[in-house]
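Each structure below is given as C-alpha cells.
Note that chain A is present in both complexes that follow, paired respectively with chain B and with chain C.
Presenting the complex of A and B:
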C-alpha cells in the first residue's frame, strides 16, 4: 500500500512537472532553443501569485477561489515576460552556434535569479490555501486536496495549450514555423512574432504551474535550474514536440522521484533522476514518443 | 544572425589592422618565448616581497581560474563540445585529496596523484557516455552529471556530507601561488604544443565538422575522450590544491555553481579556441568580479549574467577572436576572399 501511496503522490506532483516541461518542449521544437531560463519563469509565476495574494489579503493566504483567480493574471504577466525576452534578447542568437544560444538563456537565468534574491531574499516562501487540511481519504490513499487542485490545474493548463496549438490560427502558425520557418514566412506568417508568441505562451504555462507549485511545495529564487533540468529529462523521455509524451514523461518522473524519496531517501531523488536522464539519452535519444528530435543539433 | 560588432571604426583608430596583424604574426612566431616570459612575470611578485595577504590570494585565484577556463576550452573551444559540468572534475579532485590527506593521513603530493587518478577514471567513464551526445544533449547531460555528483557527495559519509571537510596544517599561501602558476604555464604549453600537432588539428576538425572527421577515418571518440581527460586532468589538479588552499571543502564550494558559469564566461569573453583567450578572459573577468564583490555585495552574479548576454550578442568571438578578425580585415583586399577566411581558422597564441 505504501508503494501505491508513493505513486499517487508522484502522479499528483508529476502533472506540474509536465505542465512546466510542455512549454520547454514547445520552445525547443518551435524556436530551436534550449531555454535554460525556463525554470525562472516557474519561479516568477510562483512569486507573482504570492504577491498578488499578499496584496489582496495582506498575508499569503486565501481561499481556493481567490487563489485560482490569480492564475489568469500570472499567465498574462508571464506571457509578456516571455514575449519580451524572445523579442529583445533570444531572437538575436537564433541560428547561431548552439553554445551561444545556451549561454544567452543561461545568462538570462542567472540575472533573473540573482535579481530575485536581491529583491525578495533567498528565503523559501509558500502560499497557504485555506482548505488545505484535512486531506481526503480515497480507498486507503491519502490525497491532500490542494495537491488534487494543483494536479487538475496543471492538466487544464496543458490541455488548453494543446487545444490552442491544434485549433487556433495562431496555433497553426506556431506549428508551421516549427516545421519549416522559411516556408512559413513565404505564406505570410510573421515568423519573429510567432516565435515570440511561442516563448510567451510557454512561459505563461510555466508561470501558471509555478503558482500551483507555490501552494503545494515552496518557491525560492534559486528553484529554477532544477525545474529546467527536470523539464529536460521529461522532454528527452517524451520526445521533442510531443505534448502527450511530455505529459507521460512528467507523470513518470514524478512517480520515480516519489518512489525514490519514499523507498530510499529524499536526498537521492536528484541523483536518480539524472542517472535516468543519462541512461535515456544513451539508450533512446529520440524519446519514447518522439517523432525524431535530431540528435545532431 | 551573428551581429558583427560595429566597433570597427573605434578599433581601427586604436589598433590599425596592419599593425595588429603584424603583432599577431609576431606572437605566432614567438609563442614559446611568450609563454616563458609570462611564466617569469608570474613568478616575480613574490620575489619582490608579495608573500601573503589579499593581493596574493587574488593573484592565486586568477591563476586558478585561468587553469579552469583553459581546461574548459580544450573541449568546449577546441573540440566544440561545450560542457556545463566541468566543476565535477574540480570537486572530485578536491574531495579525493581532502579525504586522502585527512582520513588516510597521506602527504599532499601523494594525495594529489591519487586525486588525479580518481578524476581521470571518472572522466574516462562519463566521457565515453556523454561524448556520444551532441549539442544540447551533451551540454545538459554534463550539467546533470555535475548536479548528480554534487548530490552524491552531499549524501555520503566519507565526504563529510553537507557540512564538508575542514583541513588543518595546510602549506602557506605562497606554495599554492606557485603551484597554480606552474600548472597554468604547463597547461598553456601543452595546449600550445597540441594546437600545432595532428592531435590538435583533429580536435578542430571535430569541432568544424565531426561527420567529415569521421569520414576521413579518424576515431573521433578516441580524440574526444583524450581531450576530455586532458581537461579533467588540469581541472582536477586545480581542485586538488584548492581544498588545501581554501582549508575547507563542502559540496557548495567544491562544485561551485557560480564558478561553473564563470569559467565558461571567461573562455567566451577571452576568445574560445585560442590559448591566450581563456587566460586573458580569466584575468579580466576575475578582476571585475573581485571588484564588484567587494563594492556591491550580492550583485556580482547579476552583473555576470548581463555580461554574458552582452558578450554573446555583441562579441561572440571574445577579445582575441574579435581582434584577430579585425587584424585580418584587410586580407580580403590584399590577398582575396579565401585568404581572410583561412587565416581566421588558425589558432594563435598571443
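Presenting the complex of A and C:
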C-alpha cells in the first residue's frame, strides 16, 4: 500500500512536470534552442495567479473555481511574455552557436529572477484554495483534492497543446517550421512569427502549470532552475518532439522521485533521476518515444 | 558637521584635527593632486598611521563594521531583519554622537554589508575582500550556519573578531576558533524546550517524527533533538532528511501520518515551514504538536499559510514582550517600536540578535584601552554580562551566548503567544492541537 501511495503522489506531481516539459520540448524542437529561462515562465505563471487572486480576494485565498478562473488570464499574460521575449531577444541568436543561445536564455533567466526578487521579495508564497475537506481517501490512498485538480489541470493543458498542434492551422505551421524552416517560408509561413508564437505557447503552458504549482507547493523567485532541469530530464526520457513522450516522461519522473523518496530517502531523488538520465542517454539516446535531438519531428 | 579627531588605521589619533570628509581615500586623492613631494610627505603620514592594520577600515574617524548577509536567495527575508536592525542601531548610535571608545576617542560607526546571495563561497570571498581591500577589522557575521561556518574560518585566519547572530550550529564553535562569537543558542538546543514543553503536558506524547533539511544548522538541530529524545521515553518513529531544494514534503508527511506520530519536528527554514503547514492540511496529517525550527514565527509565514499555521510552534531566543534595558534604545519595547515604525514589520529574535551584534562591538570598543582586533576580541570574550534589547549578553569559552530557547505558538484568537517556559508564558500551549476535521 505504501508503494501505491508513493506512486500516486508521484503521478500527481509528475503531470505538472510534464506540462512544464512539453513547452520546453516544443521550443527545443521548433526554435532549436534549449531555453534555460523556461523555469522562470513557471515562476511568472505562479506569481501572476497569486497576484490576481490577491487583487480579487485581498489574501491570495479563494475557492477552486475562483482560482481556475485565473488560469486563462495567466495563460494569456505568459503568452505575451514569451512572444515578446522571442521577438526582442531570442530571435537575435537563432542559428548562431549553441553556447550563445544558452548564454542568452541563461541571462534572461537571471534577469527575471532578480527582477522578481526586487519586485516581490524572496519570500516563498502560496495560493490557498479552500476545500471543506482538503483530502479524500480512495481505497486506502490519501489523495489531496487540490493535487487532483492540479493533475487534471496539467493534463488538460498538455492535451490542449497537443490538439492545437495537430488540429489548427497555426499548429500545422509550427510543425512545418520545426521540420524545415526554409520550406515553410517558401510556402508562405511567417517563420519568425511562428517561432514567436511557439515561444509564447510554451511559456503560456508553463505559466499555467506554475499557477497550479502555487496551490500545491509554493513559489519563489529562484524556483525556476529546478523546473528547467526537470524539463531537460523529462525531454530526454520521453524524446525530443514527442508530447506523449513528455507526458510519459513527466509521470515517470514524478513516480521515480517519489518512490525514491519513500523507499530510500528524499536526499536520493535527484541522484536517482539523473542516473536514470545518464543510463537512458547511453541505452536509448532517442528517448522512450522520440526521434532524437538530431532528427526531431 | 562635528569636528572630531581623526585616527589612522590603527586608530591612533593623528596630530591634526580632521573633518569627516577627510578620510584616508580623499586624503590620498588630495596628495596625488598636489604633486609628488606632497604625496610623499602625506602618504608617509598615512603610511605611519596604518601601521598595525587597525580597526577603522577606510575612515579616519569611523569604525567600519563589515560583513556579508543573505540579501537575496532562500534566506533573504531573514537576512533583511539583520540588515535593518544593524542599520537602525548604527544610525541611532551615530545620531547620539557615536561611540566613546576606551582609547579616549569618539568614533562614528559605518556598515559595509554585502549580499552573499545565501551562498557560502560568495560569503567567504566577501569577507576576504573586506579584510584585504577595505581594511575592515570588525566583522558582522552572515546568516545561516552553512554560511557562517566558512566565514568564521576567514575571521580566524585573518585574526579579526566576528560577532554573529545568524549561525547556531555547534560546529561553528567546536573548531577551536577564538575569533567567533554567536548570539543564538546553538542549534542542538533548539528542540530541547519544545520537547520539555510537550513532556510537561498532562497527556504526554509517546512518539515523535523528525523531518530535517540537509543543511548544517538543520542537521545540528535534528542531532540535538535525537540526543534529547534518547533521554526520554519518546519513540522516534520517523527520522528523515530531505534536500534543501525540495518543494514537496508530501511523501515524508505521509510517513508521519502512517506511523501515527504524536509530535512532529521540522528542522528547516521558512520555505519548508510553509510547505509543512499547507501539506499537513492537504495530506490530513494530525499530530498533537508540530514545530518548525526557523521561520515559523514570522508574520510572513503566517501571512502565507493563513489558518493552516494555527497551533504551530516555533523556538525563539527572545520574547518580544520583554523589556530589557538598552543604552541605545532605552529598552526592548523602544526597539520594537523603532523597527515597526521605520520598517513596517514586527521584529523577531533575528532582529534583536542583530541589535545585540552591534552592541557587542560597541561594548567592547568602549571598554578597551587600545582599539585593535585582538584587544576587542579579548574584551568580548571576558566581558561581564551587559544588557541589550535582546537580554543580557555574555559569552562562554567557546564563544556562544548562554541562553535557553523559549517556545511560542500561533493561537487562533490572540495570535502568537509565548507558551513555554511558564515563567515567561503569556498563555498555556494549546496541546494537543485540534485535528484538521475539527478546525
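One rule holds in what follows: the second predicted complex is superposed on the first by the 290 of 297 C-alpha atoms of A that agree within 3 Å, B and C clash if a C-alpha of one lies under 4 Å from a C-alpha of the other, contacts with A are read in each partner's own complex, and residues count from 1 in each chain.
The rule we apply is simple: a contact is a pair of C-beta atoms (placed from the backbone, for glycine too) under 8 Å apart; a residue touches a chain by one contact, two chains touch by 3 or more.
Nothing here was measured: the structure is a model prediction, and the numbers come from that model.
Participant: Could you classify chain B and chain C on chain A, in the superposed arrangement, as clash or fit?
Facilitator: clash
Participant: For A:164, decide between first (touching chain B), second (touching chain C), both and neither.
Facilitator: Neither partner.
Participant: Taking the superposition as given, does A:9 touch the first partner, chain B, the second, chain C, both, or neither?
Facilitator: It touches chain C, and chain B stays clear.
Participant: For A:261 in the superposed arrangement: first (chain B), second (chain C), both or neither?
Facilitator: The second partner, chain C, only.
Participant: A:34 in the overlay: touching chain B, chain C, both, or neither? Say first, second, both or neither.
Facilitator: first
Participant: Looking at A:51 after the superposition, I want to know if it touches chain B, chain C, both of them or none. Which is it: first, second, both, neither?
Facilitator: Neither partner.
Participant: Return first, second, both or neither, reflecting whether A:96 touches chain B, chain C, both chains, or no partner chain.
Facilitator: Only chain B; A:96 stays clear of chain C.
Participant: On the A-aligned overlay, A:120 touches which partner chain: chain B = first, chain C = second, or both, or neither?
Facilitator: neither
Participant: Based on the superposed arrangement, let me know which partner A:111 touches: chain B (first), chain C (second), both, or neither?
Facilitator: first
Participant: Could you tell me which of 5-13, 23-31, 95-103 or 131-139 in chain C overlaps chain B after superposing the two complexes on chain A?
Facilitator: The listed stretch with clashing C-alpha atoms is 131-139.
Participant: List the residues of chain A that touch chain B in one complex and chain C in the other.
Facilitator: Residues 114, 117, 265, 267, 270, which sit in both footprints.
Participant: Quick check on the complex: what are the chain A residues that touch chain B?
Facilitator: Interface residues on the chain A side: 28, 34, 89, 91-100, 102-104, 106-115, 117-118, 225, 229, 232-233, 236, 265, 267-268, 270-271, 274-275, 277-278, 281-282, 285, 295-297.
Participant: Write out the stretch or stretches of chain A touching chain C in their complex.
Facilitator: Answer in residue numbers: 2, 5-6, 9, 13, 59, 61, 114, 117, 121-126, 128, 133-135, 142, 144-147, 216-218, 220, 222-223, 226, 258, 261-262, 265-267, 269-270.
Participant: Could you please specify the touching residues of chain B with respect to chain A in the complex?
Facilitator: Per the stated touch rule, the residues are 1-3, 76, 82, 84, 129-130, 132-137, 139-141, 143-145, 147-148, 151-152, 154-155, 257, 261, 264-265, 268, 298-299, 301-302, 304-309, 312-313, 316.
Participant: Using the touch definition up top, name the residues of chain C that touch chain A in the complex.
Facilitator: It comes out as residues 72-77, 214, 240-243, 245-248, 250-252, 254-255, 257-258, 270-271, 274-275, 278-279, 281-284, 300, 304-306, 308, 436-437.
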